[in-house]
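The following pair of complexes shares a single chain, chain A, combined with chain B in the former and chain C in the latter.
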Partner chain A sequence: MLNQYFEFYNPVKILSGKNALEHIPHELLTIGCSKPLILTNQMLKDIGVLKILLDAFSGSEIEATAVFTDVPQDSSVETVNKAVQYYRETACDSVIAIGGGSVIDTAKGLGIVISQGGEDLRNYMGAETLKRGKKAPFIAIPTTAGTGSEVTLVAVIKDHERNLKMEFVSYHLLPDAAVLDPRLTVSLPPRITASTGMDALTHAIEAYTCIQANPLSSAYAISAMALIRENLIPCVKDGKNESCRMALANASLIAGAAFSNSMVGLVHAMGHALGGVCGVPHGDAMGILLPYCMEYNSRAEKELYSELLLHIKGEEAYTATPKESRNEAAIVAVRSMLHACNSLCGLPVKLSDTGVKTGDLGRVADAAQNDGALLMNPVEAGKDDIIWILKQAY
Partner chain B sequence: MICGYAGKVIKIDLAERNVSEYPLSDEDRKNYIGGKGLAAKIIFDLIKGIIEPFSKDNVIVVSTGPLNGVGAPSSARFNVSGISPLTGLLASSNCGGNFGLNLKRAGYDAVILTGRAQEKTHLEITEEGVAFRDASGIWGETTSKTQEILGGKRGMLVIGPAGENLVRYAGIWSGERTAGRAGLGAVLGYMNVKAITAAGNKKAEVYDRDKLKIHCAKWVKKLQNHPMTGKQLPDRGTASLVLPMQKNRQLATKNYRYGRFEQYENICGEMLKDKYLIRNSGCLTCPIRCSRVVPYQGKEIKGPELETIGLLGSNLLNGDMDKIIHMNYVLDELGLDTMTTGGVLGFAMELAENGLLDFPLSFGNLEGIDKLLEDIAYRRGIGDLLAEGTRIMARKLGGSAYAIQVKGMELAAYEPRGAVGQGLGYAVANRGGCHLNAGYPIILEGLGLRMNRYTKLSKAKFAIFTQNLMDAVSSAGICLFTTYAVFPGIVYKRNPVAWLTARILKFAGPVVGFLNRHSNLIRINVPLLPHSKAYELATGLKTGFGGFIKAGERIYNLERLINLRLGMNGEMDDDLPQRLKDEEQVPGDRRTKVPIKKLKSAYYKARGWNERGVPGDKRLKKLGL
Partner chain C sequence: MPNKPARKSMKKFICATVLNLLGRSFSSLSLTDSPIKNETDKWADGIRILVAACPSGPYLSLKKASGRVQYTGGKYIENADLFIEFKSIESGVRALTGLMSIHDAFAQHRFTLKGDIFFGMSVVRCLYIIEAALFPWFYAKRIIKRRPPKVSKWRAYTGLIGNGKIKQRGLKSVESVL
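So, the complex of A and B:
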């Protein structure tokens, strides 16, 4: 059903495909920049991913000397503030983030402080609280295919002092360009491929089912699901397959654009809580929780979840499945993808596999209840419902 | 110390091999009687939130009741409780074997097992204490072989290969009787406990032994004169119910697609009696003697009970009694619950029909069943999937609409679309899809009395009454079959009185509801239920029938509180599979599906629970919880 009103916004220029990185110098010059701050982490430097980017600048007019490699696995306020300082000290005029979700979120955090002219990210938490300011041009280059952060208006950054995952939501956080190059993801280990792939699938499914879904976001979500359906398992099996890699990178980006407009729901609310309380990696939490949350939601939204079968499993399976079983078949399809990943690379299928203690589940439920994503879920879920899901998934 | 009890509860830390006395107060004994009630109280105090059943957080409580070993009829029952690997919720499994009496003779009301033994262990409990014996020599043995090796005149509690291999519906055997449901055998297996034995010569003090003796003699007579406990059950065993179930469309057939089975005459109690029965047998102290002894490959073995017959027979379209006896024997040996196994097989067959599982058997075709049952017990090949139970199978493969389980436990052989009160009971039962924890309302719906099977009227109130009653009786250590005699014999027969009673009962909801809420007003003991008087005479406590049944209500509510702590959710868990609530058993007859939403709402209200199945403070306060 068409919403009475909806908005859709995605101004990010996409540079996707073989040798896409080589186009970056031109892009920067087009927007009038010549000295980008390159944000990344030490691991990407060590395995040579950073070098691929730097090589792309050789012979160009771009001065790619300011490189900040101290981004930890979980982006943090402290890191953002340090990067801001570095940006100002080195007199950069733009930002390039090359890395996973934490690097891109750090860049977004940096963008916030720069545009607002402040010193400390902690002052700007919230949804659409930012003034336009003078935004630093920003190019995002994801090296994992999952978060979709390169096209989303969200950043999640941890404040270790307060043990709080701060959430920032603003259209000003959207990068100017996103670059997908198969060379960047080809060396990802199967375990990460699977985890980030399930993250992308969750984005697509939640984007399709959340209350703010609209025809445009759904079109994006459907397209992402189709790409994941065809490519996730082959890619976990054979990471060197460049066409699968590109398909997943695109799926992740497309799903990101979808959920950035329709928002995410219960799976993310619970996933954020599991990450915050128990440190469960985001993609792992998504994979584990997704089928159980689908089970919960589809009780009240059977038709909506039945439609998912077409996108997750394809036309043939959809038509071969009786109408009344389609919602369940969609859940089974997700679960079998998860189990296939489990046998291929050990992706966890139960919360107990992740080291979460049963004693933490109450706190996880409390945290999930306070997560904004819950408001967008198609079905209301109280604390006892969240506990029920956690228990089933344990 | 209150009379009737052994007076001591011990807690065994298996990992540390440490035995300590558990501080159970007389107040607890008074409030929770014994058996499953005491176990619930202990578990409530020990387990404070969600736990993983296969972890060191789980406990097993084996408990006896005040009427065990004091001369009451049908009083050999003991209880095993813990958190079920099948449901993730509280499980209590009742057993009629020889262990309970011996445990009490050894001087214990209950034994609590915690932690996980480092070695395969046999626990030997005597008056002197607990000895940890090496069980590596008996690990892997079948249930009967294990008991044969252990030998001696002592009570035994053992698991089979299924328990060792953590099959989620592995049971616990004591002699030939079974604490079969809910997979507590697998919890023992996880704990590395292969067997527990108990022996002793202690006798519990009885408050008024002479009066109790006279009372029990009258009670025995009453049971013997009752058409159900004195005739039907001794004569044809529990399988005697096949015929009325067939007539009433209550016999689970073809994975609960139907309520009638064409070949019912081949699997009924009459057939079992005429063609197979060698003699009756029964638990110690029981005048009913409902158990059957049948021939099998030159041996005399335990015959199949009704639930086994239904779930391995009609439910699988298997009209071959020889095959049922054989499967019953094999499952007993492997240590698997026959009921859940039947449910799992039926579900697998239907999954295969719908192309969702590649499964070697089909309805009516059990070729190769022996290997499959072994594969389940040893978790080999497809057996590994089946060992998880219906709920997990449905999650992996689909088919939840016809996955006949509640809270993860497969239903008993009663097709509830032929008895909607039983359907309500299944849905709300704390244990999951258990006919007994449901309150067994079907006894009113055609299996004893003849209340309208399809009406919603009064069913919730009666279910509450029987649930409370059965929890109290079970906790006291008495067999639930004795509660059949709660209604006078005349109303079990075909006559105008029975006809009229059935019609009156249909409208008796408000009265029963009032009694449920104000049970404490009944300060006297009632002749139809001799349990409470026996309880008074054994313990010296003055409860009257009202206090006794109120304890049952307290226990039922405590069990619910434990389940809520364990993450149970009334909205999601107190429910029936789609087939039973949405599809008509007889196409075109709208009465033949369970109107669970309305029944549940009436039930919650009558229980004093909120719309999510959570007991209200007012009711809990009244119950002293």
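So, the complex of A and C:
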């Protein structure tokens, strides 16, 4: 592994734990900011999550009055451009994103336009082409434990006009700080907890097995897998358990840092395509596809997938399993986690449970082939292979 | 071993040669060969692609026009729809001479990509297939995860002659003799 060239970059300061939000005013002041634009969505405002953040500013020198709540379910270029306009009109000097992947991606898009001094996000599409520019300080506060977007260098933003999913990859998209506070995830329903947890597990497994895995990203991935192994099912059973909540929030962040530096593979390529073509929620698609893609990959990468058993199931199970069947046991462990989630909260285990039609599978395979994640997979997968996996998972 | 300027010039020369060959083969295969044609048929007419072996070139410029991909030379062009640029000549020469796969080059952040990444994947897939066709299999298999869809080596090599503009009819007649 070490004789291969790799890059690793994770400058994000992590504020994790009880009342972590209360430290945001101090963080802003230390980076010389006093007027942040707060990005979120209407739902988070309605259920009081935004208020928790705003309360953290009371009595501080921070003027937290510019709030943009119009972020839709899927981040769009139009939303980003509107947010940029609002940022400039209100003379803000920093950005705080509080929400899921869509809100954080919107903030990343806004950061791109601000740093480049432009008007339209469409001009900056690509991988690693952005100059640093005048970057607006950016704090990300995830309200789910799955995407890991608060520590990744990627943003995906839809251009409705051209019906195009625009992808941006740049180290300059990384926030200055990520804040994990248990108050933000404690009220998540079990179904969302399970779905986002499977997403985080997939990030960790793919980060560990993809072709750009390196010693640092693998250390992060192993740590994330251990946290998910111990905490996902207890958290789905008892969402009020703050200790489990924080463990999962950290697992999601750590897995995010892992895959930001080693990228993801086949499961994500197919999951993105299922989301784009059939509207399958990302975490649900990850949970369904993960064991089937592991089966496909482990035929060619048996040793690598055997190692996963140690991290997914623990030391005892690893040593008790004969060497030749450890890769299969790792897949069984993932599958049993998925089935446990299914019986606890109805997380789907088959594609047929999600409303996907068999007639859509060809289009899903076409879309998956154009996903950059496919290049990172340790095993080549062509259109026929992808259709075969989809049929297995149906 | 230090990378002396003379060595870099040699590497640039090698890259310029390989890019030229790639461009001509690409052009030829997009007209006649089904895996490349299937891929490039989906590209919009008028789309322009630029590949740079390092920030100061050499370059490979391609354009889709009249239903085929045309090799438009080795000069820099402004405002390409997709611009793939290797970060250094060391990375460029390794990827272009088959010492490193295009997948590994992408995974190892060896190049930047300006434009639609999803379209970039289609271009990368084509380059992968053409590399497999141009290099002998014993050499190509070190960098290729699995044999890509088979393309005609004859067409890949004959594309090197005449700016990749050999007529389909001519190719067929030569192949039938072979």
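The working rule: the second predicted complex is superposed on the first by the 392 of 394 C-alpha atoms of A that agree within 3 Å, B and C clash if a C-alpha of one lies under 4 Å from a C-alpha of the other, contacts with A are read in each partner's own complex, and residues count from 1 in each chain.
To be clear about the criterion, a residue touches a chain if its C-beta (ideal position, glycine included) is under 8 Å from a C-beta of that chain, and two chains touch if they have at least 3 such contacts.
On a predicted model such as this, the values are computed, not experimentally measured, just so you know.
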Exercise for the section: Would you mind checking whether chain B and chain C clash or fit side by side on chain A after the superposition? Expected result: fit
Practice task
Look at A:Ser325 in the shared chain and tell me whether it touches chain B only, chain C only, both, or neither; answer first, second, both or neither.
Solution key: first
Practice task
Using the superposition on chain A described above, determine whether A:Asp384 touches chain B (first), chain C (second), both, or neither.
Solution key: first
Practice task
Have a look at where A:Val169 lands relative to chain B and chain C in the superposition and call it first, second, both or neither.
Solution key: second
Practice task
With the two complexes superposed on chain A, say which partner A:Asp371 touches: chain B (first), chain C (second), both, or neither.
Solution key: second
Exercise for the section: Can you pull out the angle centred on chain A between the C-alpha centres of chain B and chain C, to the nearest 10°? Expected result: 70
Handout entry: First, second, both or neither for A:Asn342, with chain B first and chain C second
Key = neither
Practice task
Look at A:Thr69 in the shared chain and tell me whether it touches chain B only, chain C only, both, or neither; answer first, second, both or neither.
Solution key: neither
Exercise for the section: Using the touch definition from the top, say if A:Gln85 reaches chain B (first), chain C (second), both or neither. Expected result: neither
Practice task
Using the superposition on chain A described above, determine whether A:Phe6 touches chain B (first), chain C (second), both, or neither.
Solution key: second
Problem - Touched partner set for A:Ser60, first chain B, second chain C, both or neither - result: neither
Fill in the blank from the handout: Minimum Cα separation between chain B and chain C after superposition, in Å, equals 10
Exercise for the section: Please identify the positions on chain A that touch both chain B and chain C, taking each partner from its own complex. Expected result: none
Handout entry: chain A partner contacts - residues on chain C that touch it in the complex
Key = 83, 102-104, 106-110, 112-122, 124-125, 145-146, 149
Problem - chain A contact footprint on chain B (complex, rising order) - result: 49-52, 55, 57, 88, 395-401, 564, 566-569, 571-573, 612
Handout entry: chain A residues touching chain C - in the complex, by the definition given at the top
Key = 4-7, 125-129, 164-167, 169, 210-212, 263, 369-372, 374-376, 378-380, 382
Exercise for the section: Spell out the part of chain A that touches chain B in their complex, as residue ranges. Expected result: 291, 295-296, 299, 324-325, 328-329, 331-332, 335-336, 339, 352, 358-359, 361-362, 384-385, 387-388, 390-391, 394
